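Structures are listed in the sections that come next.
Each of the next two complexes has subunit A plus one other chain: subunit B in the first, subunit C in the second.
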Partner chain A sequence: MNPNIQTKADSTTQLEPILEIRDLITEIRVPGRSLRPVEIERLVVPRGQVVGLVGESGSGKSMTAYSVLNLFPTAAASIHSGSIVLDGVDMVKVRENERVKIRGNKVGMVFQDYALSFNPVITIGKQLMEQLLTHGRHENAKAKVLSVLDEVGLSAEVFSRYPHELSGGMLQRVGIASALVCDPPLIVADEPTTALDVTVQAQILELLKSIQKERNLSILLITHDLGIVAEICDLVYVMYVGQIVEHGTVHKIFKSPSHPYTQGLLQGASSVQSVGTHEIRVAIQGSIPGLTEIPSGCRFHDRCPHTMEICRLQQPGFYEVDGLQAACWLHDAEHSHG
Partner chain B sequence: MSGSGAGMSLWRYAAMRIVQSLPLILGIIVINFLLINLAPGDPVTALIGDFPAPAEYIETVREQFGLDQSLGVRLLTYIGNVLQGELGFSFNYRVPVLELVLARLGRTLVLMITTIVFATAVGLGLGIMAAKWKDSPLDKFAVGFATVGYSIPVFWSGQLLILLFAVRLGWLPSSGLRSTRIAYEGLALYGDMARHMILPVLALSLRYIALTTRLTRSSLIETLNSDYVVAARTRGIPATRILWNHGLRAAATPIITIIGYHFTFIVAGSALVETVFGWPGVGRLMYESIGARDYPTLLGILLMVSIAVIIVNLITDIVYAFIDPRIKYD
Partner chain C sequence: MAETTLLEIHDLAKYFEVGRSLFKKKQNLYAVDGVSLYVRKGETLALVGESGCGKSTTGRLILNLEQPTAGSIFYRGKDLAGYSAADWKLYRQGVQVVFQDSHSSLNPRKTIRHILTAAMFSSGTIPRNKAQDAEERARALLSEVGLRPAEVFLAKYPNELSGGQRQRIGIARALSTNPDLIVADEPVSSLDVSVKAQVLNLLDTLQKEKGVAFLFISHELSVVRSIADRVAVMYLGKVVESGPVAEVFDAKVHPYTEALISATPIPDPDTTRNKKRIVLPGGVPSPMDPPKGCPFHPRCFRAESKCATEVPPTVEVAPGHHAACHFAEERFSSYESMT
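Presenting the complex of A and B:
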């Protein structure tokens, strides 16, 4: 597509990234065809930073999270091509038995459905121990688990509890403890607060923030909630129908978004002052297209208020606009004022 | 702390269940007694046979066994005797029922326990493999086998097994407990009895292997697709460990249910299998007693079977608590 992927001036690439996704295509095979929920040209998580991945439901955020681990909840999904370099290892190229050693060890995952992320008939302690021991951390394993539980604000008593004996907020803390227990440099958090009560959401977010600072952790935070992005992220990637449409620092995205989709998202977020709803309120007409009806050209063109002729025909590349990268023809010198 | 607390409630629960089952057993006695008396046929006629006996003799026999009393009096007498551990006297064998049943109980238990262990092991193994390699030829075989195995009635599969392995191939004995022509001793005797058990156990197992396979397969597939298994995989837990540690633990509850459920049907099945294979156990005794209108023996067997079923259900419920902490006793 566009060779001008990222300019060298971009401050975020100066650090060696913990995660770098390039030309990733994830596909879902259904009888007779193949759908592509994720087509990411480039996504970078620098060390020690929190990167938000935002978009509406159905934009491919969760599939991106699973792609990072190269592990999908359904056998129909797989990575078609591209590279995902996680702490120096390409999760696409490396063999499955190597990937098993990386999951939970070099990258922890936090889920939205905290209630469903633990085996209901095994104690919390045993499940965290299982993870540590699987990754060869035999020394002081129990002490390690207890210290991680303490770090996420849970008492040692939780060790011998079963999942159904804990509240949602406590379980999500266990979820974070599980992501942290092997001291990974990166955490992928998929809507970690979405299913929680509003008051608990704030606590969990606060916890993530403090742990991130304490450990100098890198986080890929997947959310539809721009309030959370503003609260915790350093960088933002905006996703629409499987593709990144704009990315840059949180400050700049909120101050002057340059992609019409981001603009719509922000307007929606400010007009509806709700944090707890699952759906993004988008001040944009229409709804996100399904994977079987992806529009030609710019995928956003049929909902965009500024559609031009070129938008229907050709996909835009990234343009640098005031320090942001936006994939929009509006910023192309030839088309912008034509 | 929490462990002993759970243990306490478990014992209290077990004690409560035992107390609760006492009226149940009483009810079973009454219903069995009435059902048998509803059935056509007269034990006295069966006792005397087709021989034309004088009326006074028939009356004497009737009086001797207390059959001249009214149904209500007989029922109360029977309950009173049972409460004293007295199961009555067999019309047919002329020995106390308890003695008669206990002498044969061991043989039936050997058959049943072997069947349950064998069928559970094979069914679990087949079910696990079918779930692990879902949609493979092995899985298709397991599903097909389960359907066929479940559909074949035990008296028919028993006769087919005899035809194939005893008559056609001559590999195994067709009936009995042991060989009658050669008197084996010591270990050889056990070996001989084991050979005699193979066919009846196979016949009895078929249906339960089929059930266990199907149930293990489906509950394991469901578990392996559950969210927490996906979550465990994101933590780097290898697939094999997930299967054994997470998958089977979750699949255990339905599997234990089916084992407990099997037990009752194996009791019924053993009556057929023991008859087909000439196995001198309680099942055949039951069959013979029905033919002979031997009410006390039949009642004794039914009572013991009922108690056994209640005990197995109790054990099943207690085992649930050990494998699933979410089950509460209230």
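Presenting the complex of A and C:
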């Protein structure tokens, strides 16, 4: 690594975010038209922070993760415009052969389900070493893999095991090890505990928390589970049909959400702590629209309990409300009733 | 049991034979291993536990989709083992099911009209020559589950509906035979937060209106807390604790119940970060080789030497509240002294 870059990063740790997304539009080409699953004005992951990206299925949160790596599950998807600056490098502008070097080295990815992600006929150790070798780090590759396995709480014995010999929780640990093996400063984790049982999920969350602290990692955590966000995130971005509708610190978002969608999500989230039995709060009617039927104006207007005339016509910009940023006309002085 | 008991199961067991080959001796997978439960009329009993604990198999045994290895199931006081063909017909009308995956449980090539009326015809709820009655009933059911205007939905195919709407069709189909018990196997697990609340609310409303009982199988404790009257916690094919939902969740008599609840994140940063968290070591042991003594002892934070050798008896710590732990009474009295 270039020592000059290292010092520059150190001196500006507080200022320069590890990841900054601006005016990102990701599109999927289908016959006759193009759909836009992601339209993000701005999303920032500060260094050493855990940023949660929450939304329901179909909100575009996973597509955002793929966009950061510029690596899509389908050839029909690509970045249309915008910038994704990762540790000073714009992932949209650089050539593919540069990106290959950045993936793994600058950003690691943790996926939801590792049951089918690993090659079943190659040992775990070999698959983890492969990453180091592709990035030209031949020296002590095995020692490095063993130390990462130890870091994620797996014994050295796992090195020579095959994927099918491991349980779901162990495979998820291997997945985290594989994201960490090249020591990237940023991890993008897409629903890392969704496929796991709750007691195993608790183990993985504890592990992520401790690794984050020790390495001062930045994490972009994509999840639909508000409990996990409350547990581990510093900042939260709430996504709805491809767009960010509200963002701010985790305490403020949970305490006094300003966007009706966030309010509805939080009210509808059931908790083991709820007081009364048979107490179900339905906060949002209807379901999330598909990309072919995006409503005009504010995309949430047809499900919103506070819809006004302007909501149908025009998309709201962001307003600052008690330290949160919310894209909602209710907070516009001219249009709000209050 | 009391008059109000609808379904009762005694020491129910289901072992699956696995790994049988030329070179291997056959092995048993103890999916359900001595489960006793009851469901009262009009109540919701939740069956919770992690994957592989036997909660779905218990549901399938009740639905007669699997044959029990041992034990018995009583519906309205009569043992299923002695059922005649006429009894079975009534049972299939009385006990219905809603599955988790609404996509694969609805025939993609049939309209909603066909899906709903076929259930009424084949169960004998409405005779086949009364097609008009069936259609009217289908229309009424769709309105009841919140799919309006019903005429529009009757002509649709399952793939034209969203996940939440399909799950409502599944519920309407279950209701079409006028059941008094619905086995709902993870009915909201694949739904999004906002839709999940809508479907749970629908189930709750239907219960109040029709007095139907639910056996609600779920791995989500937060959902169970909001919908169930009573809960049974399963681990490795056994019920480790059961009782009224609020008391079980508060008292947490069995250490496994305590661990499950403490592992579930709470959607509130202040509470969830300050609570004491029990992180259990390892994963659930294989149901092919369950531990001796108490099945939970290798992962238990309260375990003592006798837990490894003696199977704990199921004791009643409070009326209707049972737990299978050597320290159940001690743990319950310490909870009582705290409140």
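Heads up, the rule we're going with is that the second predicted complex is superposed on the first by the 310 of 338 C-alpha atoms of A that agree within 3 Å, B and C clash if a C-alpha of one lies under 4 Å from a C-alpha of the other, contacts with A are read in each partner's own complex, and residues count from 1 in each chain.
Criterion: a residue touches a chain if its C-beta (ideal position, glycine included) is under 8 Å from a C-beta of that chain, and two chains touch if they have at least 3 such contacts.
Because the structure is a prediction, the values reported are computed rather than measured.
Of the two partner chains, neither subunit B nor subunit C is touched by A:210.
Once the two structures are superposed, subunit B and subunit C can be ranked by residues of subunit A touched, with C on top.
Shared-chain residue A:199: touches subunit C; no touch with subunit B. When the two structures are aligned on the shared chain, A:118 is found in touch with subunit B, with no touch to subunit C.
In the superposition on chain A, contact of A:69 is made with subunit B only, not with subunit C. In the superposed model, A:288 makes contact with subunit C only, not with subunit B.
In the superposed pair of complexes, A:164 makes contact with subunit B only, with no contact to subunit C.
By the document's definition of touching, neither partner reaches A:296: not subunit B, not subunit C. By the touch criterion defined above, A:109 reaches subunit B but does not reach subunit C.
In the superposition on chain A, no subunit A position is in contact with subunit B in one complex as well as with subunit C in the other. Interface residues of subunit C facing subunit A in the complex, by the touch rule stated above, are 50-51, 162-165, 192-198, 200-201, 204, 219-223, 225-229, 245-246, 249, 259-273, 277, 279-280, 283-284. Within the complex, the subunit A residues that touch subunit C are 56-57, 167-170, 197-203, 205-206, 224-231, 250-251, 254, 264-266, 268-274, 277-285, 287-288, 303. Against subunit B, the residues of subunit A that register as touching in their complex are 69, 71, 73, 100-105, 108-109, 111, 113, 116-122, 127, 130-131, 134-135, 160, 162, 164, 178. Those residues of subunit B that touch subunit A in the complex are listed here as 2, 226-228, 230-238, 241, 245-246, 249-250, 323-326.
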